[in-house]
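Remarks on the structure that follows.
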Amino acid sequence: MELTLEDRLDLYEIPGRYGDSIDDRDWDRLRTIFTEDAVFDLTDLGSRRLEGIEQIVTFMEEEAAHPRTHMMTNIYADPTEYGADLRFRIVALLGQGKTGTASYYDEVVRTADGWRVKHRVATLRRRDKRDAKVDLEGIAL
Amino acid sequence: MELTLEDRLDLYEIPGRYGDSIDDRDWDRLRTIFTEDAVFDLTDLGSRRLEGIEQIVTFMEEEAAHPRTHMMTNIYADPTEYGADLRFRIVALLGQGKTGTASYYDEVVRTADGWRVKHRVATLRRRDKRDAKVDLEGIAL
Amino acid sequence: MELTLEDRLDLYEIPGRYGDSIDDRDWDRLRTIFTEDAVFDLTDLGSRRLEGIEQIVTFMEEEAAHPRTHMMTNIYADPTEYGADLRFRIVALLGQGKTGTASYYDEVVRTADGWRVKHRVATLRRRDKRDAKVDLEGIAL
């Protein structure tokens, strides 16, 4: 599916709108991010696989160990058969001035109500990270 | 007012251009962000309400306790009667590797010189944050 | 050179795509960011001036002291004679929850394969930072 310029702009706004809906605990806005049957896979974060928007909302309201912020960076989109793959990463404040991160791998579809996430994987480690000498030899900061 | 794609791109650039003008102490560039009569309300940050671009520039030059960075995230815009509401959040480095944040709530208008901020509120707490069980029960990180 | 809306979107994606390619150690993707003869000047970071994509890849694979993340913010582009100047800044996680930053100053050109960086300078200090009373008097956080 080809992405129009408007599609791309709409896609780029999803991470920030998602992050703000979580940080505001605004579940009405959160419902505008996902499809009804969306899957949100948090297993790599030590949590579980959520199935459907009701599970996602209940998890966010009652169970999630939320960082203090969902500030999103490195946003870009690639066209796919079903719509688009959307990539972004979180700057997560953790209290006492400490910062953590995670990566999001979204499959997004165009619906009558706009672009919606139908499948999301969140990971602590980069999903496709390669071995490199700088890491094997411990040079990285 | 409907936002064209060009409007949206111009709006998206405002937070980064603003942040860089502050971090560079480049007040000529800062003047291109705001209208002449802009209001910048910093009362929620323990500061005050600035009225007009001269007060804003003087405050930034002489008074502000600037964090080391204004790195902006979660940028999106919604059309309004007067132009657009622009939302974004700062990743603020505070020294010793510590990080803080704040949220910006902008009202932006289209002028002959491009989009300009006419009213900005900066807050430490999210303005529309709801109560949620995860917070009331202290689960959040 | 005038920038179309599509040009601007393509330019905005470069920082995130670059950051992810580094953090994934994905040198095939890194090669899609730069021209063959690109210069990447890291002297301000205490490193050196890399000339050509092979030097850039080898440096990233074997020598660089990478922060844990390249999460990019404050992205905007201005048209120039050769193409565009692209600006952005990194949120760099450094371990133990600490965060650092740097600024990127890119010269980007349009090629048959899309926009590519032909010259990049990375700096710890803002390149064009002015003196301001708040800094001279030590008010900044």
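For clarity, chains are labelled A, B and C in written order, and residue numbers in each chain start from 1.
Here is the rule we use: a residue touches a chain if its C-beta (ideal position, glycine included) is under 8 Å from a C-beta of that chain, and two chains touch if they have at least 3 such contacts.
Model, not experiment: these values are computed from the prediction.
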{"item": "Shortest walk length in steps over touching chains, subunit B through to subunit C", "value": "1"}
{"item": "Copies subunit A and subunit B touch via same or different residues, half shared test", "value": "different"}
{"item": "Length of the line joining the C-alpha centres of subunit A and subunit B, rounded to whole Å", "value": "24"}
{"item": "Touching two or more other chains - residue numbers and ranges from subunit A", "value": "5, 9, 12, 73, 91, 94, 96-99"}
{"item": "Interface residues, subunit C side, partner subunit A - complex", "value": "5-6, 9, 12-13, 15-17, 19-20, 23-26, 60-73, 91-99"}
{"item": "Touching residues (chain side subunit C, partner subunit B) in the complex", "value": "5, 8-9, 12, 73-76, 87-89, 91, 94, 96-101, 126, 128-135, 139-141"}
